[in-house]
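What follows is a set of structures to go through.
You will see two complexes here that share chain A, one where it goes with chain B and one where it goes with chain C.
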Partner chain A sequence: MGTLVEAPVVTLAEAVNAGFEKFGLVLGWAPGRDGNLTPTFARSAEQASELAFGPSAVYNLARYVRDHTPCAVVAKPCDTRSLVQMMSENMLDRDKVFVIGLRCPGVADMKKVRERYGWGARVEQVGSEWRVNGEAVDKADLLDARCRACVRREPVIADVIVGEPVTPPAEPERATGLPESMAERGAFWEAEFAKCIRCYACRNACPLCYCQDVCVAQSRQPHWLTDEATPAENWMWQMIRMAHLAGRCTQCGECNRACPVDIRLDLLTQELADTSRELFNYEAGLDPEQKPPFLTYDKERDEWPII
Partner chain B sequence: MANHLNTSAPEPEGGSMAESGELTFLAAEKLVAWLEALAAREGALLVPSHAAGTFVPWQGGEPDLTKITMTSAKGVVLPQHETFLSYAYDSDGKVTVTPRIADTPTTVFGVRLCDTRGVRCIDQTFGENGPSGADPNYVARRDATTFIALACTAADVDAACFCATFGPPDDYGVADLVVHPVEGGYVLRPLSAKGLAAAALAPVEQGVPVPEPPLPAQGAAIEIEGIEQKLIEHFDDMELWSDITEKCLSCGACSFVCPTCYCFTIADEERGSDHGDRVRCWDSCGFACYTKEASGHNPRSSNAQRFRNRVNHKFAYYAELYSLESCVGCGRCIRACPAGVDIRDMVAAVLHRGPVASPGSPAEVKA
Partner chain C sequence: MPLIADYKKTQAKEKPTIVAFLCNWCSYAGADAAGTSRFKQPPDVRIIRVPCSGRLDWLIIAKTFKEGADGVLVSGCHPGDCHYTEGNYYARRKLEALKRYLPLFGIEEGRFEYTWVSASEGKRWADVVTEFTEQIHKLGVRKAG
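Right after this comes the complex of A and B.
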């Protein structure tokens, strides 16, 4: 599970100031048009002072770090796992990022908030309660599924820590909804991938999909898939992406959140994490020094779990 | 306000009948009977599905007519992917090319007026009077499609809607028939021959007074006065563009849910060693590959340059060509964006940007 990281505990304002002084750029969240938090790139002390945290801070800002180093970044515990995984793959230099690690009580499922209360509904934390448009709501009901599954409420890596300790849920919830029988699963995924519009929001929101602009999806040689948005091609696309994330995905949940047509990508990333744990006893994004299973080759090893 | 849009909607492509029929009243409990009659016609009947995020074949029962769909109805006339020719080589190496045009009659029930205004934008480019002439595949589909639009009520409009920016509530776009929800049912307003044919199948109430339907509800207008000029002035203002596009992830969600974005890519797909298809698929100016040249050079290598194109296309380039913005204010891009980008914020940022330092000279371009 990794040991708790040691770093000074400060207020968010103090942390942001420290980050701003160090690198002159802080990636955080600030209120947008509807009052909900939105990704914000603070380049002045004034902008930095607007940064905040709350139930609408759903975006994993680790995605933006690779294009903005050196910088400071405000990161939820799940977001710090993305940063750690990037470090263990040599995608990110530890010295080039100032990590403001949050202790996190969880964030809202904004799709659910908007479905229930309409677009523009504002969700915020006041004291220990959540409010939507000023009215107290049942926090457990609006808590994002990824937070209900989360047992790590402390940052994995941090230069400073913000917030009070949070008790993780006694029984983390797993993603459910996958049919039991293989025949039903086939029909389930066919329906899911019939919805796909191939916008690649899943890829582009992913902190670990580092190919981005030179993705195999756009390659004509080799030509693994076409642009035709059929269930088969769409499924092929996501299988390629998942294969590339095997043993790397930290289940930050951004692909699932980003999908405009709500394809159940959380079921696939959960499967990746389970398999990685079973076969390699490996959990991604916990230690910058650990080597991802597909980045190691040990010729002395007797047994290989797959091949 | 786009006052040039206060003119009546252009006539639907391929039809000369702008003849509007009389208003009739359909009782709420007869809606399904009407859908049955529409489904019994040759071709397909599509209805909105929030589970699928788009319009799907009607399977019976009451369709979910609350709020607008995640994706627009443009795919009915400009599908996400279509084969427009097939080729095959015979044993002598001779190639046979077969054009493919899909023109299955299709009725789409429950589109919104933003959908029908969006199709009007696509008509300008792909229709009979388009700058490159008619696109035969598009026109065939367009002619074969009947759009039955559902007028929005206040409950359907959310904070992402801003359609009032672009025209009055009774601008019905290319709708063949408008269905106005009223107390106890619907008022049907046919606007074309196709609309009249669809309305004729409705088991409407005879000999009852037809209530006057309220004007469709609209989302709040934003300020766009002068945006076209302002965008051109700030074309090289990369500090502005970098700033307002920084959180964009460069995916294609906004383009693909948009009712007016019509960019496409064409590829020859081999289906075997001796035959294959030429397919046209949606493309997005948000993608890095969109402008990548064979040499490897990419004139829009940065996110800022790509998003600048998207905003300029909607509010400057297209507007200059057709005297019509290619944005209808449906808010779909706002709802679909995984990074919280709101095109209204961009328009406001450009409008309120101070004058460029030295007009006419390119500002320093940030990497």
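Right after this comes the complex of A and C.
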């Protein structure tokens, strides 16, 4: 699996230099105060030389690309899918972005790292091994949920490719934890949505939540949502997100990572992807030319049992 | 008390609330035909007329559940017969997807259905709506989800 692109394989430094020379702005990750990687906008050659990749490069920079074109961007395979999806929606011009596609061995679940090793714990890759504060750790254990569910370890689009080929896991790991019975599911989601403080981090982290005029959450006409953070309203908010991302979500996992109260948004994005695959044989973000399933129809094939 | 409903609206409710969204051109006329032909119909369905089944945003249905509905039925023209040529082709993709999402939140399968009824199918409407109401009465008032 995985759409392979033809592009020269170079080192990260060479790729960043090429991107910087072309557009004068490179979106990437550089070590922050705690040594972990943090999103960085490199506007000078000196800043560009600091850009790096490692297990703490969790952020999907595709989210910033639309607002800063023309630019170069360092993108993990999942991030390139976000870029492709934006291109298929005519929200991003291929010529205005220089994609530095990474072959990705996966990134760390930073929440887990901080829970176990405390704030300021530093994750880095040395050789093929991961180290937290210099000590070797079990990589499979710290791998982020989105990477365990990922079978695409090659960029979908790229101008240059960085890194060694990575063997993807044969079987993606499924997000689990949803109760079987309907009554338990109701209770499960009530507890999840009761935590929600409606900070909209899920929306703000999402590279595809780009409504330029006004988000429906703030709209008063029509009035879909009130500001009350009750479980029912919070459910409605996530239904809005599901409705707007159906057939578009590339499962980059950013909403799940950004959620400060750990609502299980991975279950929702997984459902969106499953439904698209089962009903329309569609996977988002693989081809800039493909048509999103809800913007088209197929008279012959679209037959589902109805009452 | 169900999660996805405002507390006040579901408090001490004995009978389930059933809402049907019918398209103006086929199903609403079909329901009308069922009435004028004097077919027996369940009295506890609240019918809302919409211009086309393609007009139905998912969120309208989601909000109907949030406001405390126990069953939602959507009915439009048969695929191929849409007054606007293609509205129900788009609608059935959305409706089928939504039907799969709702059980994720504990809203039982069967609480949401969609169907196609034409303007002349008064009998079919009577059958469909009777079957659907029986189904909802069997499921009862929403407890979870």
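Structural remarks
FYI, the second predicted complex is superposed on the first by the 291 of 307 C-alpha atoms of A that agree within 3 Å, B and C clash if a C-alpha of one lies under 4 Å from a C-alpha of the other, contacts with A are read in each partner's own complex, and residues count from 1 in each chain.
In this section, contacts are C-beta pairs under 8 Å (C-beta built on N, C-alpha and C of every residue); 3 or more make two chains touch, one makes a residue touch a chain.
For clarity, every value in this text was computed on a predicted model and none was experimentally measured.
Chain B and chain C, once both complexes are superposed via chain A, fit side by side. Rounded to the nearest 10, the superposed model shows the Cα centres of chain B and chain C diverging by 90 degrees about the centre of chain A.
After overlaying the two complexes on the shared chain, residue contacts for A:260 are found with chain B alone; chain C is out of touch. Using the contact criterion defined above for the overlaid structures, shared-chain residue A:13 touches neither chain B nor chain C, since it reaches no partner. In the superposition on chain A, A:118 makes contact with chain B only, while chain C stays out of contact range.
Contact with neither chain B nor chain C is seen for A:136 once the two complexes are overlaid on the shared chain.
Using the contact criterion defined above for the overlaid structures, shared-chain residue A:126 touches neither chain B nor chain C, since it reaches no partner. For the pair chain B and chain C, the minimum alpha-carbon spacing after aligning on chain A is 10 Å.
Touching of chain A by both chain B and chain C, each in its own complex, is seen for residues 230. Against chain A, the residues of chain B that register as touching in their complex are 52-54, 70-71, 80-81, 158-160, 246-247, 249-253, 255-257, 265, 267, 269, 279, 281-284, 287-289, 331, 334-336, 338-340, 342, 344-345. Per the touch definition, chain A reaches chain C in the complex via residues 178, 182-190, 193, 224, 230-232, 235-236, 239-240, 242-243, 246-247, 267-268, 271, 275-276, 278-280, 293-294, 297, 299, 302, 304, 306-307.
Residues 2-6, 57-59, 62-63, 66, 79-80, 86, 89-90, 92-94, 96-97, 100-101, 103-108, 113-116, 128, 131-132, 143-145 of chain C touch chain A in their complex.
Interface residues of chain A, counted against chain B in their complex, comprise 32-34, 36, 38-41, 59, 63-64, 114, 118-120, 194-195, 197-201, 203-205, 212-213, 218, 220, 226-230, 254, 257-262.
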